[in-house]
Every structure is written in structure tokens, then in C-alpha cells.
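First the structure, in the form of C-alpha cells, and then the observations on it.
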Amino acid sequence: MHRDPVLDVRDLSIRFRGQPIDLIDTVSFSIERGKTLCLVGESGCGKSVTSLAIMGLLPKRAATVTQGAVRFDGDDLLTLPETRIEDLRGNRMAMIFQEPMTSLNPSFTVGHQVAEAVRRHKGCTPAEARDRALEMFRKVRMPAAEKRLDDYPHQMSGGMRQRVMIAMALANDPELLIADEPTTALDVTIQAQILDLMRELQDDTGAALLMITHDLGVVAEIADDVAVMYAGRIVESGPVARIFDEPQHPYTLGLMGSMPAIAGRQGRLLTIPGAVPLPASMPQGCRFASRCPFVQDACHVARPALSDMGGGQQVACRRAPLDTMVGAA
Amino acid sequence: MLSFILRRILIAIPTLILVSMFVFALQKLLPGDPILVMAGEDRDPEVIALLREKYRMNEPLVMQYIYWAGDVLRGDLGISLRTNEPVLDLIASKLPVTIQLAIMSMLFAMLIGIPAGILSAVRKGTWVDWLANVVALSGLSIPNFWLGIMLILLVSVNLGWLPASGYESPWVDPWKSLTTMIMPAFVLGTALAATLMRHTRSAMLGVLQADYVRTARAKGLRARVVILKHAFRNAVLPVVTLSALLFGELLAGAVLTEQIFTIPGFGKLIVDAVFNRDYAVVQGVVLCTAVGFILMNLVADVLYVILNPRLRTAQ
Amino acid sequence: MSDIILEAVDLHKRFTRGGGLFAKATTIHAVNGVSLQVRRGETFAIVGESGCGKSTLARLLLRLIDPTEGSVIHEGQDLTMLGAGAMRALRSELQFIFQDPFSALNPRMSVETIIAEPLRLHTSLNAAERREKVAELMARVGLRPEMADRFPHEFSGGQRQRICIARALASGPKLVIGDEPVSALDVSVQAQIVNLLEDLKQEFGLTLVIIAHDLAVIRHMSDRIAVMYLGEVVELARTEDLFTAPRHPYTQALLAAIPVPVPGSAAGRKVLGGDIPSPANPPSGCKFHTRCPHATALCRTTRPVLDGKDHQVACHHHQTLPAPDLPLARASRRSPAAEARFALYRAASRDAELQIDTTHPNNPTNSKETTQ
Amino acid sequence: ADLRIGLQEDPDALDTDQARTFVGRIVFESLCDKLVNITPGLEFIPELATSWEWSNEGKTLTMKLREDALFHDGTPFNAEAVVANIERSTTLPESRRKSELSSVETVVATGPYEVTFNLKNPDATLIAQLSDRAGMMISPTAAAEKGLELANSPVCSGPYKFVERIQQDRIVLEKFAEHYDAGSYSFDRLIFLPIPDTTVRLANLRSGDLDMLERLAPSDVAAVKADGSLAFSAATSLGYQGITVNVNNGARSETPFGKDKRVRQALSLAIDREVINQVVFEGVYAAGNQPFPPTSPWYDQTNPVPARDVDAAKALLAEAGLDGIKVEIQTANNPVQLQLMQVVQAMAAEAGIDISIKATEFATMLQEQSAGNYDATQVGWSGRTDPDGNIHSFMTCAGGLNDSKFCMEEIDALLNKARTSTDAAERKASYDAANAILREELPIIYLYHQTWLWAMSNKINGFQAYPDGMIRLSGVTME
Amino acid sequence: MTAVADAPVTSRSRTWRKLRANRSALIGAVVVGLFVGLALLAPLLPIADPNATDWGAIRKAPSAAAWMGTDEIGRDILARMIWGAQASLLAGVVSVMIAVAIGVPFGLVSGYFGGWTDGIISRCTDALLAMPFLILAIALAAFLGPSLTNAMIAIGLSAVPIFIRLTRGQVLAVKTEDYVEGARAIGLGHVAIMTRYILPNVVPPILVQATLTIATAIIAEASLSFLGLGQQPPAPSWGSMLNTAKNFLSQAPWMAIWPGAGIFLVVMGFNLLGDGLRDALDPREH
């Protein structure tokens, strides 16, 4: 069954001022209702920039979208006037950020901050907004929810703050929820609580979820689909099982192999040599070429096209599928 | 909170003692014999000897300090060597003037500095930012005394709009009081406005980059609400504290501005007293301004706690 | 020579914080009666959640701070009794690697000066010899010696951590304590450093004490593990024992919470509820009782002691607890297809391994920046 | 109507016995009546004393007093009051009037309205002293009651009584209706406003915030004259300005400048006093070479201000065996004095005298001066009605103000004689003789005489300038 | 993200680049440089003797002969402005050097050792700060006697507490950095840690403060001269020129306008430069 995606990002490219190349380069993906797409990749590869672009929160003076479209429920967000986007933000699409410690305004009570989101979009009375906030607090299983409404952020632990953020994001029943590494800053046990909570709430509301992370464990737990990003490009994407069972792109392999296995030591760790090139010295062709153990001369020249590997999996590598291309050599 | 304030007051005591010792030592180091000045043009040796005795100028410095400190503890700051007026009365008569000037200057400074600071932070990198910066820096860079003289020349002498100098108590004649104070308050205010503007700007810049401002935008709040509510509410903290501190400094009087506009406040009083070697006055007034300064520091800290929920609810 | 290189005996550290101006002083019992032994040549790991006192313990072990109570025995010598001079001399044998490679290096010193600092202090090498030694160390940790006169900010996070390691090795230490030496790094760089530490340990015959909160890294690197909760060691065992048969409910919960990179494996796991209590206001008795599903009245009142020989646990009920159901036990190995590709990858990249980081010497981009 | 007067300084203690500043006398002039007053031509005329008479070879002075005068607190003015006043002036420990009245042995009430002063020795200056602060009468009741505190609320018998004082801001007096001559005073209140900055003071006058001001800057005279709404008045002062040389006061006098009069003469010759007057004072002041101004009857007209003669100056230096000389001159650090000294410096340089200027705060300067820690010092004297006040204590060996420690028996004799004589011609002869010697010796090199300058609104009529710089408001009116 | 990530350049050149990119800092540097150049070249420039009087040309308005007019005793104001720049700049720079030389070591010791040392130094600093800056400077200048040197000492001493405070605060921040603890872990002593690890890292904010304090000091010198406690005649300084000019405001306004403008420009220059330095040295800003 094919449904219309809630979010459809097409060939999105973003360039920062003073830089020679598009940092985000023709990125495409889409998410359907109730589904979760995980965007993974190393730090600095452009995950957050992509998500901010979707939300219309990019710093206007520093970043420009050079091409592409971000369709949300049919509208192209990139062409909408600012006031229309403001009406959407926090209402039909919402976002949770990485740093629960700093993402809440220290000067206002958490209840106020949640209620504010409700009042802004639902135009209800303060009392109604507060009731909604309380309801949300209960929903995110905030202990002693009623009392907590009047707490200031600093009186809460990281896990609770992240619950507040989730409550705030979901207060207006958004169709799209973007979560930018919502658990990275939390301890393992708390992280598990939050992940469970998000999964549950998503099941409840049927919102589409764009989850950004660099932890493959999290991906495995929550994702329906995965997009692996390297240096501003999506190098591999597909359903989660395919990516874990049939990784194709050398970068995906490197990424997986360099993670120590929790199930027990499996010999020396794999490594990806070198480092991500600077924008100024970004290779012409495949951006991973300078670090790829399977590199060929041709890789440096032209950008590899995304090729379909079957089962919804797509890979942008000249040498995919590896087994046949490399194994044969 | 109360114990916090009490503790702060306790800490202030050694500071005050040190201030008094510094001032005492410093003025005793000043060359020039106050008794000679006081003896008058005729310098009668008999009078000189008597005055020396009377003001304990013959005793060792330490004893002089001890006598003075003892008197202060009994609430007696001594009498002016020059006019025989009790220093306490002097202070009482100058304090309202100084406070009025300080308040008006502060108002000028805040009315100019804070909006300009917000604007230039929000419009960072644009000509608005640049202009606000240049104006603010000008306020810092023009010497007060020069600006004062130029204003008198222009506004009072050439245009005749405002009185050139003097002081009128607001209880006696509020309108006159206002008109005489506007120019000096403006002159003082411009320099402070610059400081306030710069601090507001940098606080706002810091806050505008904060994650919670992004959160507020992600909620779909209008830009104005994001800036004035979410951002400014947090940026205001250092600004308010700074204002209290600046106010504390203003209490010490604006030496040259008061001199130029002939405003009978603390600044003029101290300078004249230093030049006249009116020790009792210097000592008393500096002590008083130090108390004011420390008090405003305390106010700044308390405001900081009150405005900062993180500290307010810490107990 | 005994088998024990470093021993902590009933260490306590209390911090008094705040007080003074704004609020009443709070006392934080950051390390609360920790006893442990580090054996020569092993990799000893300390894990625990944020704020549980790992770093404090590490600093105590090296006497960077003085314990409130207890002692640290190094080679039979009580470090806490040592005078400043003797302690300074001993520092050549005990070294430290910090978590954040960005703040661990003096930004105003060149790499050469930084690495040579312990040499100047603890050896009698002259300037030329020192330079040579620095070059050697840099080469060993995978940095090009030509970059010796550069400054820290010109390096990526991984490279900086290499500099830190080189400095730690310079004085020829016997024991190196790493306080989360890889947590600030990105996965791919983290792997490079983990490998490097393993190699160096072999080569120099080091004893490593590694602090981490990433259990996968710990499992990969360590021989024995101590699990800390709120300033106390709750379980201490050999790595395999701990991961396969954790006895303390906290350890069990910790292991249950780890997201396993195998789709579907998380289903049905039990998540530990509640928050970590504030160390300023810790619970009585067993500190874990507020979150423990098995807590009894005894736990609320009496603090359990660490008990056992090779596998030590501090829990009143550890004998009677049911065996935990751990998702990681269910985590099957990788798919054959993936495994085959890893093999290919490994083969293809073997040659390049020792030249890591040299392809783009000035590319500090692969760093996980600390954005504060 | 109110009269608002801008003063150059804030007066000191408002107690005639403790007061010491010039500016304070301006306030006293309206606040307190004196026994004797002066005319613009420096003749003594009655005020509280209706007449006086010398007897006993100048050792007894008998004064008849007004019978209709009253102190502001209602205490009647009479002979007892005068006695109490003179006694307070001579016995109050803090009194600054003692030296002025040092010749008075006793003072007795020889009638309800008659007092007799018995002197230790003849004193020609006494009448002049009684025309100043020593002759100002304060209420004996108030004085007894308040002691030194009197300074904070003075009670006199003048045409205006004290209302309030805010230091550095204002002194307010209001008309004393019971004053015997109340009719001559037309203002209801006097408000004295100390405004030290001359520019600002003038600005206030122009903007109408002041009705008159004293000590207009010479550089502003032209502007005031050109302004149709302002009027201007001037009188050459009784005082002088000069350079006091350390000739005998400690180690620092042991220089050619201190020890060799030819060097001092050289400096004097090198200075063009007329040019100074033109350059620094717009020609408004008067060049001077004597302790008395040219307008004074005591001025020696036969020895007017000498012309500048650089060659002669150089010759004198050569004669003294010098090829140039360095002198440090200290001066008060106000712009006008500094301008003056820079002009002198430039002039002296042409004669080979290298002057370095040491600008010093007034308080320090006084101390250095009396301690002898100076080569030369630029200082002046506000002047007294009697010539003795301008010369005696500066030039006699034991003179209280003799900072140069100049000492010559001959001068002592001449000045003491002039002091005790009541014959004007005889006195003038003595002063001329003394001045002739002093022009040779030059312990003080006189430079110029200040002119008191007043500016006021042109609505003010009847103001008369006095050489003592006071503001006498009798007969002054405002339209 | 910090700029570090994409800047393969040394910190010095990065600072320099950021400074150059900052237009107002550049303007500041140019203004300051211009005046410094003028002041240094004063003896070589074809200008009149700043002390040569001319009774015939008193308070003449600007003209071809005297571009900025003449002063109250006929001296060339242009020449006096240029020589006066020397006094003002010296006053600014030297007094700040004095303040830094005294304030920084005290702040360093106070922040590093804490405890009693810190208590005593901090209380003294508080006390000095509680006394009005200009009053302190006036009293010190009066005590030392009026002269440019003494004015510089007075201003310098009065500015000491600012630097003690600043340095102390910075030290407290730097002290907690891992590299300081690392230095101890290596076995370094206090002196080495203070001079080699802490001091270099507190320099940038001190540098910024110093630049801004130069601006303040120049105004303070002018103020002291304005009160007659600065440069002594006939040597010119802008403050003393203003002090004299004050009496001739309506007759000869140029006498006040030039030195006022001079002070304004130089102080503005230093302020711009200090602001620019602050931005360039601040790692937070791009």
C-alpha cells in the first residue's frame, strides 16, 4: 500500500556563506505517516542542518538553500512566507533538540513553556492551555505532573527536561516530529526510557518521525527506514533490516565496523582512515573517495549515482554491490 | 535571602575599614598643610598653633585615625575644616542632589542604551548595528567635560533653551529642577548608555544563539515575541546588574560634570575638599560613597538572585 | 613485586559546594568508601552513569586531589602520605588522559612543547634528544613529526587525543588512567584511538585504567570492570562474567538499557524507571533502592557491602535474584552478508592502518566538537 | 525683587571672626554693617560709627555710634555690642582677626553709644581694619549662644539677613526691614551663587539666570561690552600680583637668583609688563612695579612702570658673571596664572633666563612657600585699604607673610614709622623711601594690578565699583 | 560549531584575519596608528615650534598661516596638537602598562592560590574599587605633584584594581581547565603552572581590557590636565589645552574644538580597536 508521504525532501542543497561547495548536496528522502526515518552519520555531516532547513530555522544570513524542495503535506516549505511557516511550526510539525539542558528557557516555568506552544496555535485561554500542558505532562509520564508544571527547568533532571521537550513538541498533535539526537546527552538508563516513550507516543499519534542520531543501536531500536549521510550527501538508504543485514556502502561498513560490538569482542575494530575533507578540499566525485579502501580513479571524477539494490535499498557507490565488484576483482 | 544579605553586609565591613584607611592614608600623604589654608591670608601663628591642636594634626597618624574612627562609630563624621559645617549635614544636603542626578542619568542611559543594544544585536552585521555601535562608542569617547562645555555653549548661550548651570530641588520647583538637570544627566547618560548598549548587545547576542531561543522559534512564536520575551528576559539579567553597579558609581558623583554644570553634588564636594585639604569632608564623603557603592553592589547581587529563577529557587 | 600495582582502600571524597553567597552549602559525597585493586598489566574499567564519581575516583587514584578518607597504595607505598616532591617524582610512573581533548591541551603551547614537558621534568635529556624523543613518540601515536611546531587547535579531536596519549607516554609510565578517553570522539575516530591504546598497552607493557560510560567500548577493551552507582562500587568482576551474568540489579538494568544495533532485539526489554538521585541528597541504605525492582525494607536502611572474591557484588539479595533477560544476549552475530563485506573492508584497509590521519594532516573536521 | 549674584568661589565660614576668603567679604558686605566704610576714592566714612576722634598721641580712638541700628535677632546695637565684638575678635582662639587688631590694648564702653579703643602704640591702620571684617559687628547674643557654630547661621546688623546656605550651591539673604537705612536697599532677597567657571558664570548671566557677576574674565570684557543687554563696571584693585623670590628662606635661597639682586633686576627688566597686560588681560588690568596700584594715592608717581630692556638685562647678568640662569617658579595651577607665567617665561628666555614653571595646587604652594622650598613663586595679594596692609608683613624681618625672608633694618624702620604716624604726607615719604630700596633689592618683582570686573544685566542701575572689589548695594535698583 | 573546525590556520593569523575583516576595528587601528605616527614623527614634521609665542597673533582663527589657529599666547595650535598627541598617547599607554604590571600578578596569585591570599587581595581590590576612580587619581596626582609622569602613575595605580579583578576572574576560569590539572598530573610546580599554563591563557581578555583602558586613561589624563594636575606648561597636552581653551570658548572656539576632537578620535580609535580585538580573540564568535 502506498500512501502520500507527510514529508518529502527533494534534492535539497544548502550552502553556507563563504564556502565553495554545497554543504548539503541534493539530499532526498521522504517519510510516511506513522513511520520513522533515521538519519545517521558522523558528527558534522549535516544532519542538524538538514533538519533545521525543514523547520525553516536555518540562520538566514549564513545559510542559503541553493536548490530543492521540502514538501510538507503538499506545500513546499521553502517557498512559503515566513508567517505561514511560523503557523506550521510547533503546530503541524514540531522538533525536539539534542540538548535538553539548554533547550528550555531558564526564565520561565516548564508549564508556561508548554502552554505557550498551545496558546500560540490553538488560541485558547491560559487555563485551557495549562490543562493541555498538564495532560501532556501526564502523557510523557512525568512523575508528579501537576507539581512539575510550576518548576523551572533547572529544577529538573535531563531526562525530565527531555520529557518536557517532548510534551511541548507533541502538544499540538503534529503530523511530523523531528528529533535531533534526543537521547545523546542522556545516561543509558534514561535514554532507554525516552526511546520507549517516543516509540509509544508515535504509535499513539501516528506522527511521522524523523530521527537524527549517530548511534546505530538507537537506529536498530526505533527506525523503519535508515538514511546514512556522509559529508552532506545520503550515501545509502533503505529499510532498517536491509541496512543492517546488507550494508553496501563502504562508509556504512566503516561506520558499523568501528563500533565495538556490545555482544562481545570481535577482534580489532575496523577503522575509517583519515578525516572528512574540508569544504575547500572536498573531492569532485564521491565525497568518501579520499578515505575509501575500495577507491578507484573513477571515484574521484564523477559523483556516483544512487543505485537501487532492491528491497528499497539505495546505494551511491560505483563499487556496489561490493561482493560482486570487489570479490570479483 | 536574608542570611545572604546579612553575610554580604558582613563582608562589606572589612572593605569599608580598608576604604577608610586608604583614604585616610592618602589624604595625609597629600602635600600642603590644611592648617595653612585655614589660617587665612594673614597666617597668624597663634591661630595656626591652635588649629593644629584642635584638629589633632600634631598626633601620630595612627592616633588620628583611631580618634576619627571612634567618632565615626559614634555617628560623628566631624566638621568641615573650611566652613565648620558638620560633615553629616553636608552629606545630607548633597545626597538628594547626587541621587537625583544619578537617577536621571540612569534613565537617559537605559532609555538609549537598552533599545539600541537589542536592536543592534538583532540586526547584527547590518548598518543598524554599525550605527548603534558608532553612536555608543561616541558616547564613550567624548570626554564628559568637553561635551558639557559644548552643550552649555550651544543650548544655553546660543539657543538659550536651558539654564547653563545650577541646581534646584525638585520639591521646590520641579520644572526648574528638571530643566537644570537635563543637560548634565544627558552628558553623564550618554557615556553610560554606551556601556549599557554594549552589554545589552553582547548579552542579546549570546542569548539569541541559545538553544532555547531556537526552541521558542520552533514553537512557531512570532519573531517579536521570541526576541522580547524569550531572549530579552534572559539578557536583561546582566544588564540590570550592570545598571545597579553603574548607579553605584554614579553615587560617587560625576566629578567633572558637576564641576562644569556647578551642581552641588558629591563629586564637586569631594574635589573641592581635596583641593582645600578639607580632610574631614574628604574622609566622610568618600566613606559615604563607598557605602553607596557597596550597597549598590549588594542590590546588584540581590537583583541577580531575584531575577534568576535558578538562584531564586535554589534554597 | 606484587601483582597489585594500585590499590584503593576505603576511599572517600566529599565536596562542599555552594555555601558562601547564595545558598546553604551542600556536601556531595562523590566517592563513598571505594576499595579496589588494579592488577599489573590488566585493563581495568570503571563504568557508571554521569555524576556517579568516576572522574573523582580517577583523580583520587592519581592524587590529583586528596581523599577525605582512605588511602591509595602504589607499589606498597601510600600515596596520600607522600610529600609534594616525592609525589612529583612519582608522576612519571602514573599518567592521566583526559576526556576532553579540547581542554586538555594548553592552547598556547606547541605540540612539541606539550609532549616534551614530562621529558624536561622527569628525564635529563638535552634539547636535541628531547626533540628526537618527541618525534619518535609522535610517529608512534600516528602523528607526523613535522607537525611538532603546530598548536593544538590546528588538530582534530582524534589527533589531539593522540597528542595527549603521546604526552602521557613520554615519561615512560607504568600505569595510565584514561578518564573517558574516547567518549568525546566520533565513532570512526574512537575506533582508531581504541586500537591505538590497545597496541600501546602491548608495546609498553602498560596497566590501563579506563573510565567510560559506553559499555560496548568497555566490553571491547577491558579485562575487569567496576560498576559505580552514586559514589559506590556496586559490582566488580571480570568482563565476560559481568556481561553474561551480572548480579547487581543496577548492572542488570544498565545492560538491559543498552540499545543493541540489531533490529528487533530491543522488543520486550524492561526499562529501569526513575531518575538518578542527586548526589547531594543520596538515599539511605542501598543507594539503588529507589529504583530497584527488588528492593526490600532492608535495602532502605542498610548499606550492603561489596562482597565476593573474583566477582564482587554489593547487594543484599544478589543470591536470590532471578537471572536477567538481556537483549544483548539475544543479539545474534552479524548477518553473513555483512560479515563478508567487513572481511573485504578489513583486507582493503589493512595497509592504510598505520598511516591513519596522515592523508589530510590539517583536517580537523572529523572531530566531535564540544558545543557548550 | 531678587538679585542673583554669581561668585567666583564658594565662601568659607560665614563668621566674620573666622572668615578668611575674599569672596566671603562680598557676602558680608550685605550681611553685616561695619563701624567704618570707605568711598570709592578710599576715604573713610561713617557707617555704624558716626564719628571718631584720635587722642593721646594716636593711642586712643573714641568712636560715637549710631543709635538706630539693630541686629537681625533683635539685639540692639550699642557700645556694649562693640566691646563684645572686639573682644571676641581678639580673644576667640579661632579668630583670624587677632593680627589686625593686635595694637588694641583694651576697648571700653565710655557711653551707651560711645566706645574708646586704647592702643598699645599708635596705629594708623586701625580705621582701615575697622572698615573691614574686624569692624563688622555680629550679634553678641547670637555669638555667645552659638560660639563657633555661628558660621552656619550668622547674625549681623546689615541690610540683609541670613536665610540659608547650601555649600557650593547658594547663600540666600533676605532684606532686613528694620535696618536703619532699609530704604536704600531695593532688593527683597540676595542669592549668591558660586560658579567657579568664568565661562559658565557669564553664560548664566546671558541666559538671565544671574543678574550680576563678579570677576568677569578680562577676555570676556569685549563680548560683554558688545552685548546691549549687559552692563559692565570696573575698578582697579588694591592688590598686586608679582613674583616673590626666595632671598633668604633656607637652602633654596642660596642661588644667584636669591643672592644676587642684579639677577633679579635682570628678570624684572626682561619683562614687558604692558605686553603682559595686553596679551593676558586684554589691557584691562594695570601694569605694576609697586605694592600699590597706580590709582592709589600711595603710588610713587615719580617711578612709573619701567620699560622692557633686554640688553640691559643681559648686561646685568653678565655683570653678575652669569651666562644665563635657570629658575624654577611655582605658580597656582589655574589657566590664567599659567598663561601669565608662560608669557613671562617666553620673555625671560630672550634675556637668557630659563624659567621652568611648576604649577602647584594652592594648598601645596602655600606650604612650600612658608617652608622655603621654592626658588620663586608667582603669588599675589588681594590688597588692603591701608597701604601698610600691602607691604608691612611682607617686607619686615618678622613679617608674618614674609616668605622670602627678606630682611633689612632700614626697611623695618621705615615701615614701622609709617605705621605709627597719622600724618599722611609723612607716611607717604616713608613708603616712597622703602619702595626705592625694594625696587633695587626686588624680593618681590611686582607685575600687575588686577582690575575688579563686574558684569550685570543692563536693568541694574546705580551700581558703583569700589577698588576693594566689594558689591555695595545701597542705591542699586533693578528695572 | 566552532570556527576551529574549518580553519587550518594558526591562532595568531586567525585572530589577525578576523581583525582585518572587522571594518570598525580596522578604522580604529588606522586612527590610532595615524596619531601614533604623528606623535612619533613630531620632531621631524615641518611644523612650527609648539612653544614659540607670538604676541602679535593671539587667538587667531584658523588660517593659511596657522591651519588650526593660534592659542592664547600666539602659539600654533596644529603644532601643539601634534606634540600634545605624544602626551595623551603616552599617558594612555604608560598608565595602562603600570596598571597591568601591578594588577596582573596580583590577580594571578589571588586567583590561583585562593584562600587567605585571595581574601586579602580581594578585599583590598574591593576597597580600591569602592573609591571613585577619578577621585583616587586626583588625590594621587595631587600627592605626587602635578606632572605628566605623576598623572600617569596616578591613573595607572587607580586602574590597578580593574586588572586584579579581571585577571583573577580569568584565572578562576582557566584554573579548572583540564590542561592545568594535566600540568599538575605531569608533576609541574605552582610557578611553572602559573606562568606557562595560566598566564598565557588569560592574556587575550587582558589585552582587550588594556586597549579599552587606554581609552579611559587618555580621558582621565585629559581630566587631570583639565584640573591642572597633568602635563605642565609650556609643554602641550590635549587636556591642558582644553583647560585653557575653556576660558575662551566664545572668543576662540577652535582652541577647544581641536583638542576635544583629538581626544574623541583617539579614544574612539582605541575603543574600536579594543572591540575588534575582543571579537577577534573571542573563540565563540565566527
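A, B, C, D and E label the chains in the order they appear, each numbered from 1.
Operating definition for what follows: contacts are C-beta pairs under 8 Å (C-beta built on N, C-alpha and C of every residue); 3 or more make two chains touch, one makes a residue touch a chain.
Going by UniProt, the chains are A, C = ABC transporter ATP-binding protein; B, E = ABC transporter permease.
Given the structure is predicted, the values throughout are model-derived calculations rather than measurements.
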Using the touch definition from the top, how many steps at minimum link subunit D to subunit E (ABC transporter permease)?
1
Of all chains present, which has the mean Cα position farthest from that of subunit A?
D
Could you work out how far the Cα centre of subunit A sits from that of subunit E (ABC transporter permease), in whole Å?
51
When the centre of a chain is set as the mean of its C-alpha atoms, what distance in Å lies between subunit C and subunit E (ABC transporter permease)?
49
As a quick test, compute the distance in whole Å between the mean CA positions of subunit B (ABC transporter permease) and subunit D.
39
Sequence positions of subunit B (ABC transporter permease) contacting 2 or more other chains:
30-32, 149, 153, 157, 275
Spell out, as numbers or ranges, the residues of subunit A touching 2 or more other chains.
44, 278
Mark out which residues of subunit D touch at least two other chains, giving numbers and ranges.
197, 199, 361, 364
Residues of subunit E (ABC transporter permease) that touch subunit C when the two form their complex
1-2, 4-6, 8-11, 177-179, 181-189, 196-197, 200-201
In the complex formed with subunit E (ABC transporter permease), which residues of subunit D make contact?
197-199, 217, 219-220, 222-223, 275, 278-280, 333-336, 338-339, 341-343, 345-346, 357-361, 364
Applying the document's contact rule, which stretches of subunit D touch subunit B (ABC transporter permease) when the two form their complex?
10, 12-15, 18-21, 93-96, 98-100, 148-149, 151-152, 166-169, 193-197, 199-200, 203-204, 206-207, 209, 361-368, 370, 381-382, 393, 400-401
Residue numbers on subunit A that touch subunit C, as the complex places them
42-44, 157, 159-160, 187-193, 195-196, 214-221, 223, 240-241, 244-248, 250, 253-265, 268-278, 281, 290-291, 293-294, 322-323, 326-327
For the complex, give me every residue of subunit C touching subunit A.
49-50, 156, 158, 186-192, 194-195, 198, 213-217, 219-221, 240, 243, 253-254, 256-266, 269, 271-273, 275-276, 328, 331-335, 337-338, 340-342, 344-346, 348-349, 352-353, 355-360, 363-369
